[in-house]
Amino acid sequence: MKSRIEIRIRGYHSDRFAHVNHARYLEFMEEGRWTYLEDNNLLDLFLKEGIHHVVVNININYKKPALVGDVICIETGVMKRGDRTVTMLQEVFSKDSGAPVADAKVTNVFMDSNDGNILKIDKRFLDLWPDLREIL
Amino acid sequence: MKSRIEIRIRGYHSDRFAHVNHARYLEFMEEGRWTYLEDNNLLDLFLKEGIHHVVVNININYKKPALVGDVICIETGVMKRGDRTVTMLQEVFSKDSGAPVADAKVTNVFMDSNDGNILKIDKRFLDLWPDLREIL
Amino acid sequence: MKSRIEIRIRGYHSDRFAHVNHARYLEFMEEGRWTYLEDNNLLDLFLKEGIHHVVVNININYKKPALVGDVICIETGVMKRGDRTVTMLQEVFSKDSGAPVADAKVTNVFMDSNDGNILKIDKRFLDLWPDLREIL
Amino acid sequence: MKSRIEIRIRGYHSDRFAHVNHARYLEFMEEGRWTYLEDNNLLDLFLKEGIHHVVVNININYKKPALVGDVICIETGVMKRGDRTVTMLQEVFSKDSGAPVADAKVTNVFMDSNDGNILKIDKRFLDLWPDLREIL
């Protein structure tokens, strides 16, 4: 299940051009992913199963600057699974106009908390994480 | 000319796993790019020519976590030029061991400060920015 | 009217000891003050009246660390007015236990947007900002 | 021995008014204190002695905004010792003009890493930390 958060852009989010700074977007995205994991009950399941997720790649497009006072929405879902990776898609857009602000593809691997080995995205994952069943 | 900065990882850079946070790396990378622009005298030239640069994409790989106390090096250079884009390559590695920590490809466009139009990477750019002559 | 926000502590808020970093609290406090200004309709009024507020002092006590997963509440109100200053009190506590986490006294001055002069906290301010009438 | 660091203000340090954000100053101050601890060899000594320092109060004055391109200096020393506290003074000024930008008094307590008890600032501390002998 996709999740969605809203953030009102403040002066302290933005740089001298009144744009949200590049690094700050990554914090917004991280907030979006935590919310996704919570909404899908995955934080507790991963903890219980001894699964630790690690971001290995972020590919972010900056499209249209968000300005102070704007409310932005961040929608987070899964877009792709590999043998040992899951890639999430995060889309940021203006709540008011719907105009796209940024998007990011965030690729994760999953480690066994005990031995640090990278886990295969196998049946166990598909059982824990229903969204994974609907993508390739 | 490639440029290089060094940063000592502090407690306030790192998250609960003693790893540097994803967003923080983007600030380190930004520091690296400003230093590159200064080392290559481009900040002043761009200002004088009315050129404003804008990051449109960052593609960052997280390889091996940097830990508190580590000194990391960030090397910044240009790797590719398109018709209207320049992509910089930034490599982060441990000063001590040389082990790769992260790398990022950062794609920029350049706007005319007066009319906001995206500029072609033409002869003027190659004259201002010698590194561009050596790449495709 | 006092205002209140809630924030769930995330991994990216916290440092290597799983504590929220000192600087991050100041961002939380800033979010609390923006919300206070909005809740009291002051953002629009200040803009209309050409009043620009500037923080001149923050005095923050760190009491009990907030940990990842905790939800903290931040209550913001006014506590004191001087001839040319207004001091806000911000109290941070655990939503769950009510235990105090931090508090800050934040002193502001107000500038005339046109000439940059520091304004007296006079009748105009008391009219715009009812909370000020109830404190010294 | 007082220590000193220099920081060049970048676009990503500053907010929409081209001022360095309040929270960012606290990171600069933290960098200054880590450098002080290193310059005075205290990081290693504290670790060896099982002493963990904790900030309990920061009182920061914002005087004159630092702007993008400015180089600021941060000088850090000790200013006061109590029965169980040490207060450090950090002064931020423009490298170019010497004009004061901000200052902060940062009060620390010191915990026994084993039992978490707050330690007295006794002879052991004065031996480890010569600067403490010269203040009250």
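A few remarks follow.
When the chains are written out, they are named A, B, C and D in that same order, and each has its own residue count from 1.
Rule of thumb we're sticking to: a residue touches a chain if its C-beta (ideal position, glycine included) is under 8 Å from a C-beta of that chain, and two chains touch if they have at least 3 such contacts.
Owing to the predicted nature of the structure, the values given are computational and were not obtained by experimental measurement.
Looking at B-D alongside C-D, one finds more C-beta pairs in contact between the chains of C-D.
Superposition on CA atoms relates subunit A and subunit C by a rotation of 180 degrees, given as a multiple of 5.
Separation between the centroids of subunit B and subunit D, computed from CA atoms only, is 30 Å.
The mean-CA centres of subunit B and subunit C are about 36 angstrom from one another, to the nearest whole unit. Averaged C-alpha coordinates give centres for subunit C and subunit D that are 24 Å from one another.
Among the residues of subunit A, those in touch with two or more other chains are 11-12, 22-23, 27, 30. Per the touch definition, subunit B reaches subunit D in the complex via residues 10-12, 27, 30-31, 34. Against subunit B, the residues of subunit C that register as touching in their complex are 11-12, 14-18, 21-23, 68.
Across the interface of their complex, subunit A is touched by residues 22-24, 26-27, 30, 54-63 of subunit B.
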